[in-house]
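Notes to accompany the following structure.
Order of writing sets the labels: A, B and C. Residues in every chain begin at 1.
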Amino acid sequence: MPPLVVVEELHHSFPDGWDALSGVSLSIERGEFLALIGPNGSGKTTLAKHLNGLLKPSHGRVLVAGMDTREVPVSTLARHVGYVFQNPDHQIFSPTVGEELAFGPREQGVPAEEVQERVARELEAFGLAPYAQVPPAVLPPSLRRKVAVASVLTTCPELLILDEPTVGLDALEQEELLQRVAAYRDAGGTVLLISHDLELVGRWASRCALLSAGRLVALGAPEEVLADVEGLLAAGMRPPALVQLSALLPELGLPKRLFCPEELGLLLAPLFGS
Amino acid sequence: MDALYVPGGSLLHRADPRLKLLAAPLWAAVLLSYNNLWVMSAIVAALVLLYLACGIPAGTLKLVARLVAPVAILIPLLWPLFYRSGPVLFAPFGLSITAWALAQGLAASVRIVGLAYLGAGVLMTTSMRALLRALVELRLPYEAALAVTIALSYIPRLQRIYEQVTEAQLARGLDLSSGGFRRRAQRRVPILVATLVTALRSADVLARALECRGFGRKGVRRTSLFQIRWQRLDTVLALATAAACAALLFLRARYGFGAHPLFLH
Amino acid sequence: MPVVLIEDLYYAYPPLVARQERPALQRLNLRVEQGEFVAVAGRSGAGKSTLCLALCGVVPHSTGGTFGGRVVVCGHDTRRHGPAELSAFVGVVFQDPESQLFAPTVEDEVAFGLECQGLPPNVIAERVSWALSKVGLSEHRLRNPSYLSGGQKQRVAIAAAIALQPRLLVLDEPTASLDPVGTQEVVQVLASLRADQDTAVVMVTQEAELIAEFANRLVILSEGQVVYDGPPEDALLEPEFLWQHGVRPPAIGQLAAALRRRGIPARFVTLAQASQFLRLHLAAEGKACPL
């Protein structure tokens, strides 16, 4: 099966002259959970906005589900790509949570009965059923975040892009959210996650793309990308804590690729033999 | 916030903002009372030369001209169509374009340009901080000045929010390009609502933050970090301006100097 | 005199619909002394932000609702003194750096509170310089705050709060909206504030690293009540407890827990402590991983 997304030699320069992306090439396979990491200004959001046509390439091209983003309007791409923005308040406008969830599929011409089904499903999945008739604007920030994600999932996108979705959520809510996203992925979806939280990325992503100053400098499994201390530092990122720990103690000969506490504990425990 | 302001150290820049705020209307009064094309053109030319001498780039002056151009061009075109006075110059399509009316129209146009440059002159040589401080010193209530400052800081913020919200809604499939005018206007509603709500939330946080910094404290007289001081230079300029304006207004009132668009008497 | 004395606090926001009111805070008792750095954690909706607002008087003066018990800050009862009066003693920094700032220059932003206090202009100028140097933004004095980065904006907000030299500084999730670079910038400011023993700091945060680094006391709220009030280390060593209350246990702490489960008495929570422990017990003996 061809990849869901193909990015070929993508260059993007903004009108004020800033080169946000220089020659980025990558492909996203269906069913992947790709994490896009990199410091602020590295081009993560710029790259993501190319995937639903909000931005068009200065050079190179982007193919999403076989369509060239330069030739297809954003509203068409929106049927295939769901984008959850950083600030949920930028999306929320409806009088009730139910309406908000129904907006996307309705706008795309999905028949009313199916819209109701999808809405009911997402209300259930996010625990929002008690709030179905409540205006989303009066809900606390964490629930608004859930409403925003749910209202994108009701459009049943092939690719789900999440831009820093965990800001403002406590640890349990973050888990809940990522589990829902993982369930979407298991049901056939594809995920692109932009996040600063390297521990989160290490836990959930199947692949990591590291951007630095508009270039793709690393692409691979989290165990490789997140454990490459030099690479991360060169890109302007602080490695995850356990990776830093391994790097601080070279004399122990720890294989640096471990960032999971359980695995590291397993490896260290026998050394306390005496 | 300071859209027209160009920082500098010239005479106009160093002049007390209160002086500028009082001198501009004074000169505006002169322009409004005069009808003479030559006198008013001389004033406008003097203003432009003064600004150039004070380091205002030609580009900024052209910007002001561009802003006022539509009105300035329309007036001399329309004026002769509505007023007739003096010898007829030409008569297309049964209308008669008279010389004095044309001159009148041109004079009115120059007046508008002059008024625009007077106002712009204040904005180009005075930062918003200085302006607001001057207004407060001239007895504008502090709350009003604060409201202006906050409103000005919200303009770019609202614009940013509007753009981000538009992107978020486009990403959900909102179709802004198809359909007739009414449908397209309706489609903007989600964007306007989300922008407004986001802005209101932001305003709420700001209100709390300002309260927590002491805004609204009763029984304490506010002070200001930014001070404006009236200096000897200002007294000199004030006297010079007052004298010039008084002279011009006197000539106009007593001798009818400058009442006619083309002739000085 | 304690900086903060809260006795039997009850607070419920005015209900949105005519349902029963749900209290945001109940039976809350808290005492904070000068020089303490208290971290406040808890799940979303546990009442952390409400507590911050109660400390500066916004609750109940600007929010209405039902208020019971008392909150005394630097000897002032918040029922009788509104936020504007309390601003002389309490400085507050909110979560969103963008929304707190409005002034045309950084200098004006920091000076605002001092102007409201009616201080003479030369004193204001001094305090502004001092506050800006404390947060490391002296060279940005005349810049428009809207052009600054998130971390810089938040530092301006902190400068604006400390310029009043309050005895209590309240920070509501100051790094939650920031990227790692911005978080580091704020962390550095927090470090310099902690060294200053005249102020008490109450910081709401969900980030275990910040708690481990700065707090000498941890308060955890759940459904408006205090469920933990004690040394941070004890709580940070219990990953299950942290999860339950919405704090993601630090990976380092989880490693220590993994080792403890295998009988090794590991009690570290920060990177520094962990490497010290491992060096002490392993490297010293020349132990290394079998290749």
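As a working rule, a residue touches a chain if its C-beta (ideal position, glycine included) is under 8 Å from a C-beta of that chain, and two chains touch if they have at least 3 such contacts.
What you see is a predicted model; the values in this text were computed from it and never measured.
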Joint neighbours of chain C and chain A, given as chain labels: B
B-C or A-B, whichever has more C-beta pairs in contact: B-C
Most widely separated chain from chain A, with each centre as the mean of CA atoms: B
Distance from chain C to chain A - Cα centre to Cα centre, in angstrom: 29
Chain B and chain C, separation of their C-alpha mean positions in angstrom: 45
CA centroid of chain A to CA centroid of chain B, Å: 47
Chain B, residues touching no fewer than two other chains: 201
Contact footprint of chain B on chain C as seen in their complex: 53, 56-58, 62, 82-88, 90-92, 94, 96, 98-105, 107-108, 111-121, 124-125, 128, 144, 146, 157, 160-161, 164
Touching residues on chain A, where the partner in the complex is chain B: 49, 52, 54, 73-75, 78-79, 81-83, 85, 87, 89-94, 103-104, 107-108, 137, 151-152, 155
Complex contacts: residues of chain B adjacent to chain C: 1-2, 127-129, 149-150, 152-153, 156-157, 201-203, 205-218, 220-227
Touching residues on chain B, where the partner in the complex is chain A: 161, 164-165, 167-175, 177, 189-191, 193-194, 197-198, 201
Interfacial residue positions of chain C with respect to chain A in the complex: 16, 42-45, 149, 176-177, 179-182, 206, 209, 242-244, 246-248, 250-252, 254-255, 257-259, 261-262, 264, 271, 274-275, 278-279, 281-283, 285, 287-289, 291
